[in-house]
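Okay, got some structures for you below.
Next come two complexes built around chain A: one with chain B, the other with chain C.
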Partner chain A sequence: MRLTLARAALIRHRARTLLAVLGVAVAAAMLLDMVMLATGMRESFRQLLLSRGFDIRLAPKGTLPFDTDATIPSVSAITTVLRSNPDIREISPVLGAAMHIQIAGRDISGSVLGIDPSVQGDYELLSGKDVSDPDAIVVNDHLLSQLHARMGDTLSVATGYDPQTRTYSGQRKLVLTGRVRFIYGAAEQSSGAVRRETLEAMEGGARRDRASLFMIRVRSGADPDRVRDWIETYIPTVSAISIATAIAQVDQRLSYFRQLAVILGAVSLFVGFLLVTTLMTVSVNERTGEIAVMRAIGISREHIVEQIVAEGVAISVAGAVLGLGLGLVTARYLNAILSAFPGLPTAIDFFLFQPQAAWSALGLLIISGIGAGIYPAWRAASLPISESLRREAIA
Partner chain B sequence: MSEPTEAGTVHLDRVVVALRDVHREYPLGAERVHALQGVTLDVERGDYVAIVGPSGCGKSTLLNLIGAIDQPTSGTVEIGGKRVDAMSDWEATSFRLRNIGFVFQRFYLMPILTALENVALPMAEAKVPGDERRARAAELLAYVGLSNRGRHRPSQLSGGEQQRVAIARALANRPTLLLADEPTGELDAHTGAEIISLFRRLNADGVTIVVVTHDEDLANAARRKIHMRDGKVVDGVAAAGGHP
Partner chain C sequence: MLTTLLAALLFLHQTPQSSPRTIAIDESLAAAAKLKVGDKVTLLGRPAAEDYAVMTATPSGYSPGVAPAETVIVGAIVRRGADPSEVARGDFLVRMHLDQLQSISGYGDRVDRFAVATRSSANVSRLLKEINDVAFGFRAYRSRDIAVETSRTFQVVSRFHRAIGVITIVASSLFLLCIMVLKVEERRRDIAALRLMGISRWSIVKSIIIEAALVAVLGSALGVLLGWIGSLIVNWHYQALYHTPLEFSIVTPGIVGMSVLLSLVLGAAAGVLASLRLVRTPPLVLLGR
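Now for the complex of A and B:
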């Protein structure tokens, strides 16, 4: 009967109930979006790092991967040291450089990675063949669209541009063999990949036996953080970054962003709370006579409290369910806008739906709905019966 | 055994309502309003009492005290042998549910419930099983002449019909006492007469009724009329048209 009365009370004022549900839905959508934003980038970044199974990255001391043009010297020696650790399963040195491709009288610039195709973790092959040959190059769709080239075409690729002498350190004819998607690449970035020894040869002596980055897979069951500590002890020229430390650094860089999301999320929750409290208080004030009569005919205080709280909860649940859909739609839209920000990997999502976080947020909203109903319910249950009836009669 | 009180001669072994030197004061700003000033009153089982008097004389206050929805400043109120003036809110609520039926001037039905559901509401609160309460609600609606209006909501009923539903609701848990505050106040003369007739039938069937009213016809239909003035019972006599 309590639920019937609560449902009926809400239906009695359809328009008001609908507006309240919409208000809570907007607050819920905002809360959900802020939760998705607060945790989304971090989780998205973690998934990105884990996507190719590499546990540790080595960057020049004091830098992050590809943060600067600095490189790690003595790749061979470092590789030998790394191989001495039985917990290290695979080592993938990567050299990055700027490249220029002359085609049909145009100069198209982009970035190129020198990799070992057997252990690389930077791209996935979409079509064609990988760089199994020293004269092969694979490129991403953006570069391919700029080149207007086809598989099998020969490209004139130059690297090591010196702006003072306006010369390149190396130029080479490379055959376009494949179309790839760079996992850490931005949408508008023109990128390609060749074998590392090819890029080293083109870059000239200054960058021989050097790498911009090492990517390392550890043996199954081994602790990546222990391996990282071991590397930093035995190879002092590098910063070893495990996924945990990378995420910690990302966390640090995104802390303001996250704080903002938490504050806005809390504001949304509070707005939802106030909305339900206000509505239920108005509703109780309108029904003082009705409530007094219910009490007079023997309806208990508990019944009144349960009914009013149930009304608040019903509004909160309906708003939360509607807000879930609304939040997902707005998150998708906002994510599309923010992901188009220049220089960001396309695989990074700002708003990531994580069921547990979403349910927690919506659960919190529903709990706040219960809280929001308590004050008006307490007011309703505490109404002096005879006084309320007398006022109602006078009114 | 009988004993004279302000309200007339009563048999104590049959007394349902017993008020002794009841006072009720309200604060009104810096002043105190003396709504009741030493009222002593007995109502016997099966009686039908009309409390009359000018507005503000304390009739409704007296009814609220008898109905255990208010407490006296001093004095005692016994209903069916139980001191209701000393009950906690929880005890008083439970007592009202099972022992007292209320009828109000403005009916106060739940607008969102059907007539049948309105009548069943106090039974649901008293945990009467669903089948039983539906059957009894239907029976009570039939008693008040509304057997075909059970599925209608209050807004679909006339004033007289709404008041009859309210009376059926008041009888739901077979109360010891039926209290009515101006039950014909919102009705036209014809509909009011129907309610008066219903009250007489209820009383004839053994229901004890205390009614507060300005309606001469309703007051005259009672067995006894109790006159009040300035918070005091001034006399209690058999009503002119009171039925035997």
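Now for the complex of A and C:
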């Protein structure tokens, strides 16, 4: 009965109801986007860091991985210390450098990683063979498209460019063996990978037995934060970064987006609330006579309140459902804009759809819909019956 | 290089040395390291990773090697310039004499870059070409080109803000339209009475448009006030958060003008749409007869 009356009241003013639903839908879309932005960025980054199962990264003291050109000395000694901790399962040292490839009279620059293929967690092989021998190189699609090269081609790769003398510290012929996707790489980044010992040899003596980064996998069941504390105690030359600390650092750097999401989300919710409240208040004002008649024939105050609240909730739910679809479309569009950040890994999404985010947005809107209906419903239920009927008769 | 230097350990030094030189540090470093003017500090020229020698590789850890160091006095605590590219990084900044930095960093007689000021009459393009033709080991760039390259991040943020702005305008338009429809429909009896008295449809539409425009202008004036207060809060919050004088939000006459104009157009359009619906309905129907 209550729902039927609420439905009839909404259908009676189709244009008005439709506009209100559209208004709530836009507010809901914005709210969903902002919930996705506030939570998705962190979750996307966490998934990215965990994607290869490495729990801890070691960077030169006071730096973030690949944030500077600094390197960690004594890789073999550090590896020995790390192996003495039974909670550490796997260690992957990585050396990074800039490289230049001369091909057909052109000089193509990019970055190269020196890795151990048996434990590396920086890329996934898409086709071809991994860097199983010292003269092999694998590259990403971006670099491959610049090179116009094919598997099996020999490339002249140089590293350690000195701008003063315009010379390289090392130059070597490497065979292109595979096509890879760098997990932490940006879309427009030209990158390749070789064995670490190959890159060390090309970089010259200054970078021998050095690494830009260590990636560490801990034993199942071990606490990564305890292992991190242990590393920082025993190896003072490095900053040990667990997933939690990395997320905290990213949170700090991108706090602007989170705060923007909270502010815009709150504004969207408030706008939706205001819209439904206004609509319901005007609707009640128009229907004072009708409500007075209902009260006069014995319909209870609770019934009136429930009917008005049901109307508010119906508009909110319809708007929220429509807004969910709209929000997903706008989230894709906004994500495409933010994905153009220079150097951002392609796997990072600022707007990540999570069912929990959708439920949160829907729940907030329904609560606001109930809240928006309460004041008009209270007004409707408090109308003096005889006076309202008299005013209606005169009108 | 400064980042590398700043990553180095910086700690209070107890042993006085003969006539140490002075450095300037930024406010955030002073706050984080609890330093004040006159304090002595020891600078290590390279990141700690470079300065520790691995002496032993045992589970008991390493013994750090002796690193070259220089004792200096904090001569000034400065507020950093409004550089957007540094805002979110949270780096500390130390200013020191060029020869001192070259010495401590082992850079020798090298610099990262030269800044060259030209005379107002100089042909910058020709100058760039001349420098690049004779330069060995470096390239000259126009400041504007470097600014474009380093501002890519802000261009992305700017595009994102514009997109959010468009969504907000769509939401506001719907909200305004809805409110106008409600306001006009609330007065269906008044409109019916006016029509029965012989007032023309167009006069009624005009009066509603004027009313809608007035509401829009008053609303936008209130919105500008709220926006200005919001802008003050945003600047106050982020300037304190990032220790920067950078203006994060600016309310300009152009922005105010655009928002008022947009509200006016949207309000008038909403008024037209809402009023046309009612003036097309026969007055007796509006009265419910």
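Everything that follows uses one rule, which is that the second predicted complex is superposed on the first by the 395 of 395 C-alpha atoms of A that agree within 3 Å, B and C clash if a C-alpha of one lies under 4 Å from a C-alpha of the other, contacts with A are read in each partner's own complex, and residues count from 1 in each chain.
To be clear about the criterion, a contact is a pair of C-beta atoms (placed from the backbone, for glycine too) under 8 Å apart; a residue touches a chain by one contact, two chains touch by 3 or more.
In this text, all values refer to a predicted model and were calculated from it rather than measured experimentally.
Bringing the complexes onto one copy of chain A puts chain B beside chain C with no clash. With both structures placed on the common chain, the touch criterion links A:Leu389 to chain B but leaves chain C unconnected. Contacts of A:Lys129 after superposition on the shared chain: neither chain B nor chain C is touched. Once the two complexes are overlaid on the shared chain, A:Ala9 sits against chain B while remaining clear of chain C. Once the two structures are overlaid, the count of chain A residues touched is higher for C than for its counterpart among chain B and chain C. Of the two partner chains, chain C is the only one touched by A:Gly23; chain B is not.
After overlaying the two complexes on the shared chain, residue contacts for A:Thr330 are found with chain C alone; chain B is out of touch.
In the overlay built on the shared chain, the residue A:Ile297 is in contact with chain B alone; chain C does not reach it. When the two complexes are overlaid on their common chain A, residue A:Arg52 makes contact with neither chain B nor chain C.
Taking the C-alpha centre of chain A as the vertex, the lines to the centres of chain B and chain C open to an angle of 90 degrees, rounded to the nearest 10.
Once the two complexes are laid over each other on the shared chain, residue contacts for A:Ile72 go to chain C alone; chain B is not touched.
For the overlaid pair of complexes, the smallest distance between C-alpha atoms of chain B and those of chain C rounds to 10 Å. When both complexes are aligned on chain A by C-alpha atoms, no chain A residue touches chain B in the first and chain C in the second. Of all residues in chain C, only 3-4, 6-8, 46-50, 52-54, 57-62, 64, 88-90, 136-138, 152-153, 156, 159-160, 163-164, 167-168, 170-171, 174-175, 177-179, 181-182, 185-186, 189, 238, 241, 277 touch chain A in the complex they form. Taken in their complex, chain A has these residues touching chain C: 13, 15-16, 19-20, 22-23, 26-27, 29-30, 60-63, 67-74, 77-78, 80-81, 84-85, 163-166, 233-238, 252-256, 264, 268, 271, 274-275, 278-279, 282, 285-286, 330, 333-334, 337-338, 340-342, 395.
Interface residues of chain A, counted against chain B in their complex, comprise 1, 4-5, 8-9, 11-12, 289-290, 293-301, 303, 385-386, 389-390, 392-393. On the side of chain B, the complex with chain A involves touching residues 60-61, 64, 67, 69-70, 89-90, 93-98, 100-102, 104-106, 108, 110-113, 117, 121-122, 124-126, 169-170, 173.
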